[in-house]
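The two complexes that follow have chain A in common; it is paired with chain B in the first and with chain C in the second.
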Partner chain A sequence: MVSFFKQKRQGKQQDRKKEEEKQSKTTDYIESSLSDNMEIVKRKTGNSPDIIFRTVKISQNPEINTTIVYVQGLIDNPSVTDFLIESMMKNPHLSEKILPQKALDIISEDVVSLGGVETVNDWEKLFLMLLSGDSIIFVDGINKALVASTKGGDRRSIQEPSTHLTVRGSREGFTESIETNIAMLRRIINTPDLWIESMKIGTVTKTDVSIMYINGIAKKEIIEEIKKRLQRINIDSILESGYIEQLIEDQVMTPFPTMNHTERPDMVAGNLLEGRIAVFVNGTPFVLLAPALFVQFFQSVEDYYNRFDIASATRFLRIIVFIISIVGPALYVAATTFHQEMIPTKLLVIVAAQRETVPLPAVIEALLMEITFEILREASLRMPKAVGGTMSIVGALVIGQAAVQAGIVSPAMVIIVSITAIASFATPSYSIAISARLVRFAFIICAGVIGFYGMILAFIVLVVHLCSLRSFGVPYMSPLAPLNPQGLGDTFFRRPMWAFKERPKLISSKGNLKREGENQRPLPPESRGMKTSDGRKGDGNES
Partner chain B sequence: MEMNHKKLVLLLMLIGTTFTTGCWDKTELNEMSIVSAVGIDKNKDGKLVGTFQIINPVNVAGSLQGGGGTNPPISIYRATGDNVLQLDSIASAKISRDMYFAHANLVVIGEDVAKDIGINSILDAFERSPEFRATTRLVIARGVKAKDLVETLTAIDKVSAEKVIKTIESTEKQQGGSISINLQEVIKNLVSSGKEPLISGFTVRGDTGKENKMENTQSSSIAANPNAVGIGVFKDGKLIDWLDGKQAVGTMWVLDRIVNTNVTIDWGGKKGAVTYQVLRQKTNIKPRMKNGKPKMYITVRAEGDIREVNVPLDLASPHELIDIEKELAKNLKKEMEEAIAIAQNNKSDVFGFGELIHESHPEYWKKHEKDWDDVTFPKLETEVKVETFIRRSGLRNKPFLSDIKKGDQ
Partner chain C sequence: MEKAKISGYQLFVLIFLFEMGSALLVPLAGEAKQGAWLVILIATIGGILLFFVYYGLFRYYPNQILTEFIRSILGNFFGKIVAFLYILYFMYLAARVLRDFGETLLTFAYPHVPLFFANAAFMLVVIYTVRKGVEVLARTGELFFVLENVLFMTFILLIIVSGMIHMNNLKPVLEINAVEMGKMAFTKTIFFPFGELIVFLMIFPYLNEPQRLKKIAIAGLATSGIFLSFTMAMNIAVLGVDLTLRSQYPLLTLIQSIEVAGFLERLDVYFLLKLMIGGFIKITVFTYVAVMGTANVFNVKQSSRLAYPVGIVILLVSIVIASSYSEHIHEGLGAVPMFIHLPFQVIIPLLLLIIAFFKNRKKTSKHQRHNTDLKGGVDK
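Moving on, here comes the complex of A and B:
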């Protein structure tokens, strides 16, 4: 038996080797005949009509055929027509007699007035460039091709992001184009230390993926780790940054996100400056940030734009809101079915009166209402905008009014579910809000089975799980566990801007923690009388 | 393999322990009946009669289903038995749901039960039950059966148990004529040899035939209304006397339980001419040994305002104020001395003087603990010292009465 498997495995390995050989054989080089080359391009692209061939004759006696190939829609039209086709046709250098061997050099040096020009001789690279928007110039009789950078085409313009909205702060949001996105960061952080490394992931889609970090601030080990994990990916397609996130996160079996994502360039900039690493993926406005910590999901960029007292208060609120969104209905279920003695008599009487006609146990009622709410939420997310109004009316009337009046659901439960629903939307990060929704159901079930005791058990399991998580090797609950007193200044409480002395220890590079100089605390003017009552500049001795 | 096996067993044991405790008593709110008050009476054969007041939540919460007002907010179930638990089990045979006692905030004990059987044999069941609260209030039904009090329908606070508790609390706070005391405190006092419990009395006054009919509350003048009346004095767990009016207030002064009371004195030959409202007060009791015998030194310091003056009087004059203060102190001293005299007469140390002596002179206490209530306490010497201070005189100094007199002249 054993030997049989071994043979099979060996067989597989042999197959793989053969495939690899085949692949290396197929890396063909460009032919010298123009018509052959055109034939190959047409065959490889299945004669797709959006691939345009434009033949231009150059030189005299004999005339040399050249063909410009590009993909319609991917190119920048003015560059191709003005700087490529027109120059090729009208350039005086090309109307003289030239040798075919020198044609490519002349075209690249004297004719094409575009930024990036490159000679290529293998088909794989050529196709990659052609299909990403470059134009290729073939010259008859030469087994090389000239690639001119003409990337362009229609793209969504920069708009306000639709997630992570803020009152104060930049209105720019990322777009689907990776070049635009990277440029937006370059505009914010003007240092040569802003390093970018690119790669193509996806055997079919060949999606552009770039990692960005600030050299000297980001930890080398984390950069290496991310690169290693990205290089490991072997998948046919990457359609969104979520693909990458799921393929490189530390732990799979957890409802909590271990990578952050955002549409906001200022948020990425803030994270880069703390030593985090951004992963840009072409085709999505969502940029990944790693490592991500639990407390980060309760922080909004606006916290840093507002004054520290206000920012700290809102962060406290978000934590309370998160706890409500996890334990809200569970608390109600446990208190009304197990611990009635803990409810003040008057409140108990009111709740009991409402539950008098309700036919279902409180747990089932809670689960039903929660599921109903999830259905409403999901439906209103996916449905065409025109029907949105209908949905909210039906939801409000049927659940809020009719179900209560019919005595199927108690009004108290509707209140609890509504508060929880609002609470789950008040968390700034959508990804942690989704996790809270999942965890909430577990809490309701625990509370329904063994009351507060079950809730405490569930809570212990939750805390242990959170503490066991890592994001690219960094403990998920830091700086709370392991405790880092210095780092606590930017968790649920945000220290004043003038007291932000250091970058987070576990994330930033060790040698470069210093963030601001000494004595940054603003002070009132030394002279109490900047201006005297009659408008003169005071000398400080008025008092 | 061996190690893994051991670890697995250990893990299972650990998981198992989490399920050995917990809250298995799952009850839906519409499967329980919330008991708000329990009344204990005695019938002719000497058996206990229990009255259970159960809340009808729908009729209390009312407005939602529109049912309030027409149906009674409480239902009454009765049972007869030899002990308290028997009452419970007999009554539950009449109710479709589990009786839930965690919100029974009131226990009413009939006067005859308190006098003849005593409370010692009744309270154990309440104290032992995990559902019953230690903070459940106790009252004695004075002049009526406990059942009458429990059955009564009341107007503003729809559940009469709540009305009774609130009335006692406000009477204690505003007059000092009642004492709001709970199960825990009563049992503590019963156990202590140096202190006897005091429990407030409550009665139903008015048209007592109607108290359990809805019409009782359908008139602006309520036909039968529960009233707080006096404080019951206990000795060896049995009710022996009632303190009313000034006796009750005097006792509360000594107990340092006065919060806010009015003291009225005669002035210028007119009865009840000046009313003084106490805002802050402190009673200190210190036992001292004198010639081998303890003597209690009771010092009272009271601060308050003048709230009513019905005779012409110049309150701006410090001499007048000092005179009033002295008169007030004299009045208070008399009230307290009378209260102490009554307690000594009853041979019941309701003030806890015994406990104080136990704390300060343990050797003396050991000798006299056994005969404290009957021999030593009645002969105990006391000295009451009262200081009163008038802090304010309301919105004016001289009463407008003095101005009228001037105009007449």
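Moving on, here comes the complex of A and C:
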């Protein structure tokens, strides 16, 4: 029985295959008859009205029909009207008598005054180009078509990025167009070694995805690994770089991001110069960066623009902020429920007096407040801007004041939750701030069950988990673990610019680590009569 | 064996944290009174000597873990029995340390929490780590090493600032004569913690630079010995001999007595953190080694699957090992060093080394004879 069905199914499959082959034979290559070709285009696109056919007659006795096909809105209007249609109509070459076989060559060589011109003869490629904004020229009697590059249309212009804000630094942010984004990088890094490889991913959307790296700085193995993982993707659509990120990351079961993303071209440039690889996806201003390390999520481009002492202090602050945003409420819960002896007596009296009226145990109180805060945050993100004002009133009044007055939560708890909330927004990378929020709940529960013991256990699990992660083969916690003393200069503190001798070892290509020359430390000029660094006095000539 | 490599620094860190693990808590070599720190140093030297026995074994079989080369030395049948005994030994030690930590925790912070719950929570964390493998353990160790040292430095700073050190408490150093000190060092302190280094015979083969092993291990042993000796000396200098010996956890008493600037006080959490980091590394190393040994002896392909069963056994053993804490301590100080540590840490490794020596000499001499025979043949 089983085998019988199997045979039948196989037979069906074979039939279907044959049918498919037949179909593909008829539609694989362009026909020589113009009307047939038009018919095929119309049938394939379902007669969609935004596909424009413009027929032009060229040559004299016999007249040859040519048709220009393009998609409205995707093309750059002036170039199609001025350089394609107008020149086809008015060009002296075309008004003479020409052979149909030569028409295509003449058009491409003498008539079309556009940058990219190409002949194609298979439909698949043709549709890809047509639907990405190129114009196609069919000539009657010829089984080829001419593709003129006329990509254009309306897009968002370059604006200031809305994430990763800085006081100092470039104001440009990526746009949704991959060409613009790549060009922005080209403008910053002016070397032929800036290599780009493109591919189309998504069986339906055919989204443009490009990887960019600096040849000689990026590690070959990592490039190969990323390419391999990208080529493995078989999905119908890629709508945002997040799709790619989730399909190529190293480990799925983790709250921590193992790829970084950014809207800032200068950040991408900085990362490329450290040997990382950028993945551009058409349709989103967010560019992926890999491999990503834990410490990297505490770095902001501005750290490198500011002087090193300021930058280091900010880095340090961010680490503290991250720790607060993870353990803040948990510490309060553990201290008030299990370790009252830890709190100084005066403070303990105040806290105890406040908690006197609160009917809930501290864990529940903390969870309640944290969840309320999360609801507030989520609501204010999603709701229409017009009603934004309501949110802050409701949030501040109801939760901040009424809850305390009603005696449901203690004022100390409100303070703790607010500090934690602010702390979680002070982390420069949004993606690691989200992870911290998730982990925070685990810590609160552990602290509620068994105090500091639970918190320390959770902390150990967190550290082990972080140490077990890898991003494209690079240990996530490097350069801290495995320890790389050279790399430590760009973690909790940032070494001075003149001391950035080498690129990060595990990420950059081994043969090309040197970053700057010797003796980059700025020295005061001798002629100014100031003491030089080695103690010699200058000549004292003030002029 | 896993497919893993750890660096020299990572091994050093693991040895350091492992040795410091539970030895920091108890009054180590307390019977030697003011000379305790000296006894610890002597025991450290003894530990280094003992390491040379292990190192000799490692030299013969640089690519095999303990349970593997025991079978190469003793043959499959006896080898398997001895290897299995070693696995039991490691599990027993893991259970002992786990019990130590559970009891400490309950005594000083959570009197109402059942022991089983405290131990089970800890064991879950250990199992999670063991499943991740030795590389992750080594990387975790690196981070904890930094944390532990930062804690240690602040701690010393606080003690100095609070002005609690009385050097007079350390006199007279030689209240007990040197012979007795040596005896104490070589019959007790050497086994715990220094002789426990034998578990690293299961980890040494992962080292990516075996030629530096000797230096790394000696550095690890010496550093931890000095740290332990320093801590014990500080305990006595601050608390005095009497109080140090009477308190179950001198370090805790020490930390609790810190009071700086009116607000830096009651630093119990600090003790808890230190306790748990050390204990975590120690129990994890023991459990990991037991899991790998079991996988090796019974030919289990996916060793990480054994983490749960072995972990649960260790957890249960840690509960039934003794009926009360005083019984546990009594066993630990009396019977365990004599009847368990001595054979497993000294006698069996020495015997193994001797057998390995003869076995390998025969092999090499045969090899040489074979070579000369060949040469003779050519000459003819």
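What to note about this one:
To be clear about the criterion, the second predicted complex is superposed on the first by the 501 of 543 C-alpha atoms of A that agree within 3 Å, B and C clash if a C-alpha of one lies under 4 Å from a C-alpha of the other, contacts with A are read in each partner's own complex, and residues count from 1 in each chain.
Basically, contacts are C-beta pairs under 8 Å (C-beta built on N, C-alpha and C of every residue); 3 or more make two chains touch, one makes a residue touch a chain.
Just so it is clear, the model here is predicted, and its values are computed rather than measured.
After superposition onto chain A, the modelled positions of chain B and chain C overlap sterically.
When both complexes are overlaid on chain A, the residue A:480 reaches chain C alone and has no touch with chain B. Within the superposed three-chain model, A:131 lies out of touch with both chain B and chain C [touch as defined at top]. Judged by the touch definition given at the top, the superposed model places A:341 against both chain B and chain C. Within the superposed three-chain model, A:320 lies out of touch with both chain B and chain C [touch as defined at top]. When both complexes are overlaid on chain A, the residue A:387 reaches neither chain B nor chain C. Once the two complexes are overlaid on the shared chain, A:464 sits against chain C while remaining clear of chain B. Legend: residue contacts after superposition of the two complexes on their common chain; A:415 is shown touching neither chain B nor chain C. When the two structures are aligned on the shared chain, A:451 is found in touch with chain B and with chain C. Once the two complexes are overlaid on chain A, the chain A residues touched by chain B in the first and by chain C in the second are 338-339, 341, 450-454, 457. Partner chain C is touched in their complex by these residues of chain A: 338-339, 341-342, 344, 450-454, 456-457, 460-461, 463-464, 467-468, 475, 477, 480-483. Contact residues of chain B toward chain A in the complex are 18-19, 21-30, 32, 34, 36, 55, 57-58, 60-61, 64-65, 100, 102-103, 105, 131, 133, 159, 162.
Remark: chain A residues 336-341, 345, 348-358, 361-362, 411, 450-454, 457 touch chain B in the complex.
By the touch criterion given at the top, residues 7, 9-10, 105, 109-110, 113, 117-118, 121-122, 124-125, 128-129, 132, 136-137, 139-140, 142-144, 146, 263, 266, 268-269, 272-273, 276-277, 280 of chain C touch chain A in their complex.
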